[in-house]
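The two complexes that follow have subunit A in common; it is paired with subunit B in the first and with subunit C in the second.
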Partner chain A sequence: MTEPDSVHRLLRRPHRQRRHYHAPLAVIMIIVLITLLAPALAPYDPRHAVSGGYLLPPSAEHIFGTDTLGRDVLSRTLWGGRQTLSTALLATAITIIPGLLIGAVSGFTGHWVDRAMMAAMDTLLAFPNLLLALVIIALIGTGANQVALSVGMAGLPAFARVARAAVLDARHRLYVQAAWAIGAPPHRVLIHHILPNIMETLLSFAAVSLSWALLNGTALFFLGFGGDPSIPDWGVMLNEGRAAFRVAPWIALPPGMTITLTVFAVNRIADSWQDALNGR
Partner chain B sequence: MLRFMRQRLLSTLLTIWATVTLAFFALRVIPGDAITNQLLQGGATEAEIAAHRAALNLDSPLWNQYLGYLGGLLQGDLGRSLLSRQPVNVLIAEQFGATIALALSALGTALLLGLGLGTIEALFWPRRVGRLANALSIVALSTPIYWTGTLAIYFFSTALGILPATGSGDLRHLILPAAVLGFHASGGIARITRASLRHVLEAGFVRTAYAKGLSKWQVLHRHVLRAGLPPVLAVIALQAGFLLGGTVITEILFVRRGIGQLLQSAVLEQDYPVVQGIVVLSAIIYSLVNALADVLYGALDPRVNTDLQA
Partner chain C sequence: MNRLFITALVVLLFLAACTGPEANEPPGPRIVYGLSLMPSGFDPHINASAELGIPLRSVYDTLVYRDPITGEFVPGLASHWEMSPDGLSYTFYLREDVHFHDGTPFNANAVAVNLDRITAPETGSQKARFMLGPISGYEVIDAYTIKLNFTEPYAPLLDSLSQVYLGIASPAQLAQYDNATYQFHQVGTGPYRMVEYVPGDRLVLTRNEDYLWGPSFYVAPEHPIQTIEFRFFEDPPTRALALESGDAQIMGEIQPIDAQLLAGNPNLRLYPVPIPGQPLQFLMNTRRFPTDSHTVRQALIYATNRAAIVDAVFQRFSPVAYGPLSQVTDFYTPDVAGYYPYDPGQAQSLLFTAGFTETNEDGILVIPTGPAEGTETPALTPTAEPVTAGVPLEVTAIVPPWGLTPQVAQILQSQWRTIGIDLRIRQVAGFSQLREAAQSGDYNLISLNFFGKDPDVLAQFFMTDAPLNWTGYSDFELDTYLSEGARQPDPATRESMYAAAQIRIMEQALILPIRDYINLNGTTATIQNVQFDSQGWFPLLYNFSILTPGDGN
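Presenting the complex of A and B:
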């Protein structure tokens, strides 16, 4: 590594080239589009066995083969994406909407409201993330919506903390003081002056929340908390496919690769926004 | 420093009390009378239910139950399983050792890999080694544990046949699960290590160290790592939370005995006392680890004025 002369290079070197988020965004849009079109694109019914038989290797008829119950893996991957992505999006909405409200109110009002709300968030943060989701599942039962609710709730305290920190930081900026000085009412200051300026921070952490929701949501489906097992989900498919991986790797490969690709793309977007924020 | 430690301990105890209280009321209040429902589904008669409720102290006022629960907790009593009727602390104690062995060996792997990858990335960035380290840490953050685990089982057990795929006998059974879980936990550590070291590498004192003629290893050892590692501590403590959750998935994937299997079946059967006991215990461990990291941070980094900031 760095000899004294290369230290100079290290110091003068422009920071890591600004990462572009267009490529990962395109990947996500393609995945979303394909799963949205699943009913039209899927060649077979994802829930029922095809006549050809089970554990068929990939062929022209079944591009990704068939699974242990004789269902078409391509169709299940397409439909499974709908389930996985909608669960993760719902979970993210459950994280960021109340999280933003709590964080904004907490950071904006201060005093005892702030202390009470943050004490509540810190209590939730004291539980390891996935275990908090599991307690909620134990309380409300299994099912796709329950998974979304529990994963979303488990991500909420972290988002509220980030939102509060951003609001607190913006509150002391000159432009906010200027807004107060010209007599703007509190809600106007919050909505028109503070929120637009912290939007990038919030979006970046929303992307991080989405990647957690994808990983935790599929993990809960993998563990069997998604309710009806005939509903295809990438986590469910992986759980079914891993048992047969030795003889039929084509069952687990498509969901495994697509989850990884999706989370990877979401993380890249979060990173590039974060880098832009840090002025890299 | 002592005052800081005392205050940190106090706030940790408060957090633990809050989590215990939350866990108690969430399980008693939100689902209505879940325990009765549970017994009814199990085909118990009215008299049996009444006897069971009396045994569980469910017919006394809520505050009384709460105090009883807190009192029991202080003596290590976590109640009884609704299904097996065994004491929860016994159920947990039977599985605890296997889980802790997995969590600690995964933590060791995560530290080695995370600090290593992060340092390599910070020092060798534009070169191929640096890019490779970066790619590995991104893969660790973006891949589900159960997918990497499935692939690892395939390559190391099925294809190469050098490690057992599942089970929990000797040390050889521990290698694969610990490596997989540790690899995923290393992603977050590598990220922060890289960021922290880069920050330090650009500091004036590092330049000075080179200027006065220290070798690159001396600079790295005496100046860069010393200044760059304290912030990493906080992330390592946060990874403890990831590990506590990750052991559940890993144990189920590798069919290892441990808390994971117990928790999975308890959640599916809605066996509340077992779920409550495991989660409260995890929250306590997690809070203590984070408090310890804070105190260590204060001890390692003299800029944190522990007497004033407490």
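Presenting the complex of A and C:
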């Protein structure tokens, strides 16, 4: 009775996914490609003033104009993407690798290990994400890597929670119990039976983590925690542009729009993966 | 818990009933004065912020005042004073007609109580105590005469005594509150009384109608401002907007980029006020490669196009600084202006002399690994030579977030890069992180400057054992100029000592000066007689006048 229905859903799945996430994925790919090619694409040096002056409005020569210190905004936006995206990716790695480890061990082991680890995670979860990142950066000092570390650490408790819940859920499935029954050792059960089956949940939450990392990372750069202010970053540019917004709105717009576009696209991907999961 | 709450409520209601109608509805005309930051504390004897003096300058009187036009010391709470021939004591003869806002009389005992408070170690004074220099004690000669004694002559005393940090507070009020709570209940003798201070929100002053003992340059206007509410506008881009929208009528530290907008608006006025003291500067670490080399330090200054920095970052609102004191500071010497004009060619040849004769693949100068011919490298840095060979010319700057210093550092980076100097910028979050970085010694440049009309401010940075000797420089000659400058009572002697000190600092290239500090104040056109005291930061609120719609203007 249920057989035809589930077969039908499985058949439909690729189509549902394609419809939802191919467009945002293409956007991400384009942004990543452009920022990777920034050294070749950027018409000017992002850190040095062009001769001819500061606060030049957009023109054929400077498509997005120049900023308060006379630097080409387009070049800075392209280079800034490298900094922003690499910080966000590093932060996401710092979130998901230890987060997965803590969540899996906690959910799989249970008992006091689970309670102790989750108590620690819950304590951290009590703080809003960005506040936690601010506290950590206040402790470890300013710098691009420090921003990635603090943003990554701030996202860790939530990811550990999600990973634990997924492991707990999978632990009671029939196929896991079957694996136990044939005498599979614990690490084999975890790695070969549980993890592959919760991968989609984790991936979809990893995408959510990435969009948090993007927003929180640019927020910390915006606030001046990036260490070297001459490193172009979308958050840094947004702050510079904000100070001059009434005189030169063209400085803040490109980084503002690219941040929005990137976060939106990443969120769409996370959503569509989530939809695909729920639809299964 | 509940009982406590009810008790508190009853007390509050009782207090509200006691304060009378005029406190509920402060009299007009009323204006909002925007402060640019929320100081950690508002007690002038304890805290050091310049921001606290903007309201409190008008709550307190000082023993002497300094005429903002002539720079002369004029009578304040002291009608006259004299210095002993050896310079070790000053006797102040006090006015007898002064009373505090709480009605208690002002006399020599009140001065004594204030001096006790400021000098007591448990007060934890961050600024006022140091402004009294080598004070050893005081003697109350009679009810209106007090003598201050010093262990050695201290020429900056009158300038110190003219500042709000040494303002005289009501002894009765000081007895009633402790060091933590007095700041909420301040009582002085000045032209405005403090009505309330709500941290993070507002500080309210009302005019003191009994005020009859102001200094010569306090002139009552036709339309005085009755009530002034100080509010905090900590985010720089919001300041000009607040003036335009009418949220504030006066505002300090307008962003240079917004100042042009203000200047073009017929309803607003712009008052750029030069601030005496040190200019925006980078202190150069003489103990770390490569700024341990005198030649490299000189080259860095030659390589800096300060006019371009003032153009881009400060929108031409600031004069370029050439020395360790801004032009409006006492005993500033114009002779420093001849040092280190912008000359990248000169910078390059100096760097060549210092041994940086080759360029690496990134375009950064390096000291070649083999001995370079025709250079003086071994003579200049004999001990450092083996370590520095092959090392690129990399300079690390620690910058605080304030004063547009990060922007200045980025322009420096851009300018220096063109002649092969690699500037690494490290921005820190605040003063305590700046001090931490300084203590680590891991920097070539670090930016900090203090304000003050008296050049004694230099002693805190350039004496060998000074707390802020972040250049790491030690020189008997410079120490002598600075200590004698503070000891010698004769202004002509002081002038020559400080001129020599300024020249010495520049000859040794201990600092990279950038620009004199200018406070860009904005007001609405209705505020008139806008004047500031000799320290530059503090408004003479007593003189301010306000046009109301009824005035036909």
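Things worth noting here:
In the analysis below, the second predicted complex is superposed on the first by the 260 of 280 C-alpha atoms of A that agree within 3 Å, B and C clash if a C-alpha of one lies under 4 Å from a C-alpha of the other, contacts with A are read in each partner's own complex, and residues count from 1 in each chain.
Simple rule for what comes next: contacts are C-beta pairs under 8 Å (C-beta built on N, C-alpha and C of every residue); 3 or more make two chains touch, one makes a residue touch a chain.
Worth saying up front: this structure is predicted, and the values here are computed from it rather than measured.
Contacts of A:L168 after superposition on the shared chain: neither subunit B nor subunit C is touched. Within the superposed three-chain model, A:G256 lies in touch with subunit B and out of touch with subunit C [touch as defined at top]. Shared-chain residue A:Y54: touches subunit C; no touch with subunit B.
Look at A:L203: by the touch rule set out above, it reaches neither subunit B nor subunit C. In the superposed pair of complexes, A:G224 makes contact with subunit B and with subunit C alike.
Within the superposed three-chain model, A:N267 lies in touch with subunit B and out of touch with subunit C [touch as defined at top].
Of the two partners subunit B and subunit C, more residues of subunit A are touched by B. When the shared chain is aligned, no partner comes close enough to touch A:I31: not subunit B, not subunit C. Once chain A of one complex is fitted onto chain A of the other, the partner contacts of A:L238 are limited to subunit B, with no touch recorded for subunit C.
In the superposition on chain A, A:G141 contacts both subunit B and subunit C. Where the contact sets of subunit A with subunit B and with subunit C meet, they give residues 138, 141-142, 224-225, 242, 245-246.
The touching residues of subunit A, when paired with subunit B in their complex, are 1-4, 7, 10-11, 13, 16, 119, 122-124, 126-132, 134-135, 137-142, 211, 215, 218-219, 222-225, 235, 238-239, 241-242, 245-246, 249, 252, 256, 259-260, 263-264, 267-268.
For subunit C in complex with subunit A, the touching residues are 236-237, 240-241, 255, 257-258, 260-261, 311-313, 399, 401, 406-407, 409-411, 413-414, 417-418, 424-429, 433. Across the interface of their complex, subunit A is touched by residues 15-16, 18-19, 22-23, 26-27, 30-31, 123-126, 138-139, 141-147, 150-151, 153-154, 158, 201-202, 206-207, 210-211, 216, 240-242, 244-246, 248-249, 252-253, 263-264, 266-268, 270, 272, 275-276, 278-279, 282-283, 286-287 of subunit B. Per the touch definition, subunit A reaches subunit C in the complex via residues 47-49, 54, 68-70, 138, 141-143, 224-230, 242-247.
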